[in-house]
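Which chain is which? They are A, B, C and D, in the order written, and residues in each are numbered from 1.
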Amino acid sequence: MSALTAHLDVPLHHGAPGAARRAVVAVLGGWGFRDPDWLDAAAVVVSELVTNAVRHGGGCIALQVEAHDRRVVVSVADGSSVVPRRRDPDDVGGRGIALIEALAENWTVHNHEGGKQVRVMLLPCPGLEESSGSARGGAA
Amino acid sequence: MSALTAHLDVPLHHGAPGAARRAVVAVLGGWGFRDPDWLDAAAVVVSELVTNAVRHGGGCIALQVEAHDRRVVVSVADGSSVVPRRRDPDDVGGRGIALIEALAENWTVHNHEGGKQVRVMLLPCPGLEESSGSARGGAA
Amino acid sequence: MRVVRSDGPGMVRLALHGELDLATADLAGRHIAVALDTIPAGGPPLLVLDVAGLTFCDSAGIDVLLGGRAGAQAREVDFRVVGARGIVRRSMAATGVLTLLTTA
Amino acid sequence: MRVVRSDGPGMVRLALHGELDLATADLAGRHIAVALDTIPAGGPPLLVLDVAGLTFCDSAGIDVLLGGRAGAQAREVDFRVVGARGIVRRSMAATGVLTLLTTA
């Protein structure tokens, strides 16, 4: 089993980013991704994606996590077809996408059921064996 | 949005029950299910289902959580078609299904991709408003 | 799972901290077995498991506690679980072993 | 989010504990606004935000810190964030505001 997925509906409210990142950290920990700094970065990325979906997205939010060997992709879909754009930061915002770009490998936007899905590929998790099937199948 | 679902692949290892229950508690908390005693019972049910799938099930484990208004169903699918049966408890086991029956409403077994899925309906969560759509959409 | 052992005349007290489940059952079982084999002299032998520091216990955990009791009986050691609260107590009660485990 | 306030001559220190994100940004912002309006006399006014107790901070949290700095400037209050570590420090550094926020 080298591909693992998790999917999670997230109701729109201001506690959604916290709930989503706690769930994702638990999921990734269970999949064998245990580096604390890497998990912190994953939590920030999830928090940014869900915060943006709550603030700008509208509609239902669906979160997805996929692990293919050492690579993890987190995606958040929302009901708005507006594509996020990095904007000039000011005192009241504009740093979410910058933070994602600083902590992750890349991000892309895809059409998704009338809205869009923002997908972020995380950096490789340190400390995983190359053949992560065995690393992730190991003891906790 | 009155139906919410979460799905999670769980690799087979002895840390799986812990990872699964932490993820489920985070998910249910994010959906507005916040009663601590009820969440404790949900965690035990998930732990029993995943432990049994690790010990007796074989194959991949897939966990699902569904909330329809106040009712929550947690299900674990594994690759074995053997149907769990309550057995006489002894010093080395036989209390998992008894614990599920004590803490939940009912459990059923379904065919699932060559294996089976064990579905457990939890007791209603106390403290949720009758129309839980709004309760779950509320602030954290 | 963190296990803190304290010895007295004729007795060992093991305080279990954390979560008792499939991941920690073996470790807890080994600590209990070692304790049963190394109870100090000085009184009728007694093993006390203090579970006040446990935040979780499912049936795999209950099995560990029952295994401890069986091992104690086989060695004629008195055995008692103390401090069960919250979900730990509920799991013990729901499986019908609360009285068995908490009375000497 | 828990906020502990301590006052000194000319200064207020707010220690933030917990997670700073969308759920807690408003509350933290209100504490900061109240602090800026109620700095005791006795010295050049200063607001210190101690974030050593924060375990999480994303861009919504950074916005709160920057809002605090802007509010302080508008009132001619000195402002400084202290104690940033772990992911809180990384989020501040990654958004390019670490030096801005931590030097008076």
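Quick notes on this one:
Everything below uses one rule, namely that a contact is a pair of C-beta atoms (placed from the backbone, for glycine too) under 8 Å apart; a residue touches a chain by one contact, two chains touch by 3 or more.
None of these values were measured; they are calculated from a predicted model.
Here the chain-to-chain distance from subunit C to subunit D, counted in touching steps, is 3.
Distance from the subunit A centre to the subunit C centre is 41 Å, each centre being the mean of its Cα atoms. Averaged Cα coordinates give subunit B a centre that lies 27 Å from the centre of subunit C. In subunit A, the residues that touch at least two other chains are 14-16, 18, 139-140.
The set of subunit D residues that touch two or more partner chains comprises 23. Chain contacts in this assembly form an open path, with each chain touching only its neighbours along a single line.
Interfaces, counted as pairs of touching chains, are A-B, A-D, B-C. Of all the residues in subunit A, the ones that touch subunit D in their complex are 14-18, 21, 37, 40-41, 43-44, 47-48, 51, 54-55, 89, 91-93, 95-96, 98-99, 102-103. Contacts from subunit B toward subunit A in the complex involve residues 1, 4-16, 18-20, 22-23, 26-27, 29-32, 60, 136-140. In the complex of the two chains, the subunit D residues touching subunit A come out as 19, 21-23, 56, 58-60, 62-63, 66-67, 70, 86-87, 90-91, 94-96.
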